[in-house]
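Chains: A, B and C, in written order; residue numbering restarts at 1 for each.
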Amino acid sequence: MVKRRMKLMLGVGALAGLLIGTTGTSFAQEIDPAIAEMGVVTDTMWLLLTAFLVFFMQAGFALIEAGSTRSKNMINIMFKNLIDFCIAALVFWMIGWGFAYGASAGGFIGTDQFFIGDMREAGSVPTLASWLFQVVFAGTAATIVSGAMAERTRFSAYLIYSVVISLIIYPVVVHWVWSGAGWLNDYDPATTGDFGFTDFAGSTIVHSVGGWAALIGAWLLGPRMGRFGPDGKPREIPGHSAALATLGVFTLWLGWYGFNPGSQLAFKSQGDADAIALVAVTTTLAAAAGAVSAMIASWIKTGKPELGVTLNGVLAGLVAITAGCAYMRPIDAVIVGLVAGPLYLISTGWMESLKIDDPVGAVPVHLVNGVWGTLAVGLFATIPGNTGTVGLFAGGGAQLLIAQIVGVLAIGAWCAVTSFILFFSIKRTIGLRVSAEEEELGLDIGEHGAVAYPDIHKMPEPEMIRAATGKPVTGTAK
Amino acid sequence: MVKRRMKLMLGVGALAGLLIGTTGTSFAQEIDPAIAEMGVVTDTMWLLLTAFLVFFMQAGFALIEAGSTRSKNMINIMFKNLIDFCIAALVFWMIGWGFAYGASAGGFIGTDQFFIGDMREAGSVPTLASWLFQVVFAGTAATIVSGAMAERTRFSAYLIYSVVISLIIYPVVVHWVWSGAGWLNDYDPATTGDFGFTDFAGSTIVHSVGGWAALIGAWLLGPRMGRFGPDGKPREIPGHSAALATLGVFTLWLGWYGFNPGSQLAFKSQGDADAIALVAVTTTLAAAAGAVSAMIASWIKTGKPELGVTLNGVLAGLVAITAGCAYMRPIDAVIVGLVAGPLYLISTGWMESLKIDDPVGAVPVHLVNGVWGTLAVGLFATIPGNTGTVGLFAGGGAQLLIAQIVGVLAIGAWCAVTSFILFFSIKRTIGLRVSAEEEELGLDIGEHGAVAYPDIHKMPEPEMIRAATGKPVTGTAK
Amino acid sequence: MVKRRMKLMLGVGALAGLLIGTTGTSFAQEIDPAIAEMGVVTDTMWLLLTAFLVFFMQAGFALIEAGSTRSKNMINIMFKNLIDFCIAALVFWMIGWGFAYGASAGGFIGTDQFFIGDMREAGSVPTLASWLFQVVFAGTAATIVSGAMAERTRFSAYLIYSVVISLIIYPVVVHWVWSGAGWLNDYDPATTGDFGFTDFAGSTIVHSVGGWAALIGAWLLGPRMGRFGPDGKPREIPGHSAALATLGVFTLWLGWYGFNPGSQLAFKSQGDADAIALVAVTTTLAAAAGAVSAMIASWIKTGKPELGVTLNGVLAGLVAITAGCAYMRPIDAVIVGLVAGPLYLISTGWMESLKIDDPVGAVPVHLVNGVWGTLAVGLFATIPGNTGTVGLFAGGGAQLLIAQIVGVLAIGAWCAVTSFILFFSIKRTIGLRVSAEEEELGLDIGEHGAVAYPDIHKMPEPEMIRAATGKPVTGTAK
């Protein structure tokens, strides 16, 4: 049976039965409740520890975006990456969790469990532990957009976006697939009406959701000044610190060991141990393969191995394996990663030909490879004991692949439409973009009244700032 | 019963009883000892893993202080933040643990267990695991001071301070509250003579202790040159890297998931799982609320959202929730955080009006919000099954609030007096502060004979250094 | 019995017996299989979590090397530290694991288990979890070399080296000692033919292996331009960021809490809990003692406390305790660390007198202190219940010390010879070293066509690059 990412609400009896089921030597009613309780302990411990790792991905995203952009915008960039998680936490506590996991209204949206309290139930993983694991995923979906819209977006516009994605765009997608009651549910042959869309840890549900919003946002925002020449040809705007960008990738990779292995949502049985070990290994191999294939691709294309491409190759591999990490053999993971690296590079070219400026490559990494990884489940999945969920190349038919395509399209449509409404509304009201003067001077001065590296860029004289931005000079660096 | 942060020395029987107690289906003597042993396993694993996370807070403190100060002092700042933990580890192993957890002399100080060895006892969490968890807290208390005294303190003076706080100032406070034998113990209705002071993970015991020492040290040291103008008005000295400061806050937030959830000191039962999940969630929400309220407060005050204020808003929220994270509902945690952010900003003004220069805001974050968080327990605490420990706004009387006030005052008096004796003695003997010439040139050159960023600041000529500092030129960058 | 670092392939029966053995109250056949299964759960969880921590050491190594070298080579340095792990992961999956843990050919090398798949066996820790724990160790051994060969090595030469060490040099050493079938096995009095060499977590097997390759590589490569003056005297080349270097040491220290405590390879019993707590504490104390003794030694030598020496003192202490962390009392660990710090400083002098340029001190840290730590086991080891494995100063004879010496020599010979063949072959074919012009301009431009910090170093004009390097200008920063 394909695991569902629903709230863990098994009673003691079910838990004991599960333990029995994997060892097969006695009846459920003979199991000592203390053993069942120990299962709650290890499940909860795993969920919390992996949530902590996923939380730290926020730092990874901040570092990559920081390293890939210019020092004059560093305060703005670090600020966005911090505050979007803070907003996500509050909004997802108030409303988002309820939309995702509350009682379902027609499989489309949840309707209760708002302002979640401390609900305790014997024999169950605490609901608050599940909330913590889910909120760090919501924060990930939210922060993906930041990089694509870097160096030119109004700070207040970004705050509004952060509220809306955590409030409704992301939670609805979660409800569709991971709530256990959504219309686009995981495949389960024993359940009539399930659709069959399968996404273990969120290639589509997290990364593509962020990626669609990033695409729409970057498109409506327009490219940074100077990103495309008068002849329309793309010009690189190098980031200000290769060290920070690389540290960001290491940090994200570490966090992915929470993201994917934690998505088992349980760690109390031999079956959990086997599944989680597989997930950790496929995650590792896909990341490594993505790096190597991206490096080689960049070497072939430009004559030199490029670091930026290779860093994004790691992330492309990680995003791509996320949907199928529990359903593939190690060798499949290597294939998924080997495709992901060059696919990143190719889709970067698509973005440039569309004149969309994505400073960190968020769309090629999270959207394009999120789609690739989701489709790869339909190609390679081999789920022990589940003959209904087997990919095309693994001896199954096209059923699963079709389900994956439908899921990608449905979620893509939801995200593209809602993101368009969101960003277009902002653009027509308070405005999405800072003035050309502010962009030139740096958002740190215009939006936050300070400079990030006073050793490198001195704070300009107040008169100059006022002349350039039309704003009063305030803030820390008076 | 309010959990005590004493050494975990439960025998197998007690452990089994505890397991039974939470499941309630059989008698203690029927429990399989293997299950009790599994409880030792999960307790110890949790204690060690969360200790590792708390250890990494040392890096977070280093990064925040580094980002908030000038590049000419970077070697000195990173050095202090590394070596203070190393000193704390050795001193706390030799003496500090014994003062904290040794056999009590009148509830004031411990008297044995010095130079702790490998004590093993069947059925118990290893004493060395408890030591590790405690030593990383000792290191946290120690390193808080570094930021408040940054950019002007003699390195050797800082080393002496590091020894003394880990040797006696901090351990005595721990003995008073967390040893299980201290005069200012946690409240427990079943025990006559307990005082009732309640601090789950150390808003007062760790953060205020460091905060008091920071306040006294920064006051006796005097402000950095140029921090206050000739007219007495404060002038900002911007830090050299917003990226490092923000990375520091992310790192501390991660470490706090060890600090607070680890302070349950156990993870073997449904009750532990429920409590720890609540702690992780209240910690998250208070941090997020602190960030948002601090951002808004800075926006209102200066017309722009300031990153530095928001970063400290996160920390203010984290410090404030630390005392009560296990005793509050999620909504209470949001309130605690919403207060913490503006409180940080207001108390920063207090410091400036007192002409005390605290480069990183250690006193507003750790002392002021440590006090706020401790008092908040007296307002909001709702401890299931413990009618004696309920806060004023949660339907209890003022009893708990009064206990909190007394605890804050008693510990504050101890820390203020001992810190004053310590820093005043240093000032009158070897001196607390470097010369004006050294401060101007940077402590890296004067104290360590090198520069941190040779790309930005070249190492001056030896003659210039000798003229400026009266010291010979030595060190790495000859 | 000294624990072997072999694949964990115990059946349920053996596992239950082990649990029984430590509690001693019933017969193996009465143990509930669910309890045995819970042991698989906690063992696997520990192995995975500590593997994640060890993975993050890759970031630590990158940061230390980055901070200790010049900004003009930063892309190259971060790139090497990322890609060597990616290569190690793929190669160790394809071949390396099989050479290390496959069926033994005469105790010298493994012969099967290549391209490892998802092997599941009831009652056992998943083989893939063991693979993940081992691959991050392989990555550590590989990346140690990077720092010693920094700022002058051809990128393609480094890629070839990365393949070979992960493919054969490191796996063969693992097979000799940790496979359970190697000729140089851990000591076990009950087994005839065992040699007695004891290395708990890899002072020799990981750190010295990397250290030997670093020594041979740095020697064949020659020193960086300007590292030794025309008079032959060494000249310091200061690193470009003390902040990054220190963050690297904090990160490595954190990772070491995976490296050493994880090497217990199990966490299911009171005995595991006791052993792991001891390991975590000895690791902490040796690191702290190494820092303090190195700081004092540098203070005595140059008149100032030097940060670089102290940072490497931490690492020296960590490397030295790695072999014996499970076999020593806390006080022994302090002694091991106190020796490690000055030993680092002294052996740095040896390197300089040999005119070998090791930019980060990899050889003094990893090779010299790896040897010291391995020999220290022969001096201080006190293994409860194992009278055959006791060090010289702990009341045993010289037997263990002799075994340690033989092991150090045998592994050293293997590594020195194979590394020499490897690097000499590269030198005579594609070349080890970049041109003098490229070295002068920075490897970032010559090897990767970009600059790491465009705010500090502008990308030169294409004509200048072509003139200096004879290479076309390509890459990101066009």
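The rule is short, and it goes like this: a contact is a pair of C-beta atoms (placed from the backbone, for glycine too) under 8 Å apart; a residue touches a chain by one contact, two chains touch by 3 or more.
Just so we're clear, the structure is a prediction, and the values are computed from it rather than from any experiment.
For the self-contact between chain A and chain C, the two sides draw on mostly distinct residue numbers; the shared fraction is below half.
One rotation lays the C-alpha atoms of chain A on chain B, and its angle is 120 degrees to the nearest 5. Between the CA-based centres of chain A and chain C the separation comes to 32 Å, rounded to the whole angstrom.
Taken residue by residue, chain A touches two or more other chains at 32, 35, 38, 42, 45, 49, 241, 453, 456, whereas all remaining positions touch fewer.
On the side of chain A, the complex with chain B involves touching residues 12, 32-38, 40-42, 44-45, 48-49, 51-52, 55-56, 58-59, 62-63, 66, 74-75, 78-79, 81-83, 85-87, 89-90, 93, 115-118, 120, 122-123, 125-129, 131-132, 135, 155, 241, 244, 444, 447-456, 459, 472, 474-478.
The touching residues of chain C, when paired with chain B in their complex, are 19-20, 22-23, 25-26, 31-32, 35, 38-39, 42, 45-46, 49, 53, 70-71, 235-236, 238-243, 245-247, 249-251, 253-254, 257, 261, 267-270, 272-274, 276-278, 280-281, 284-285, 287-289, 291-292, 295, 302-311, 314, 329-331, 334, 453, 456-457.
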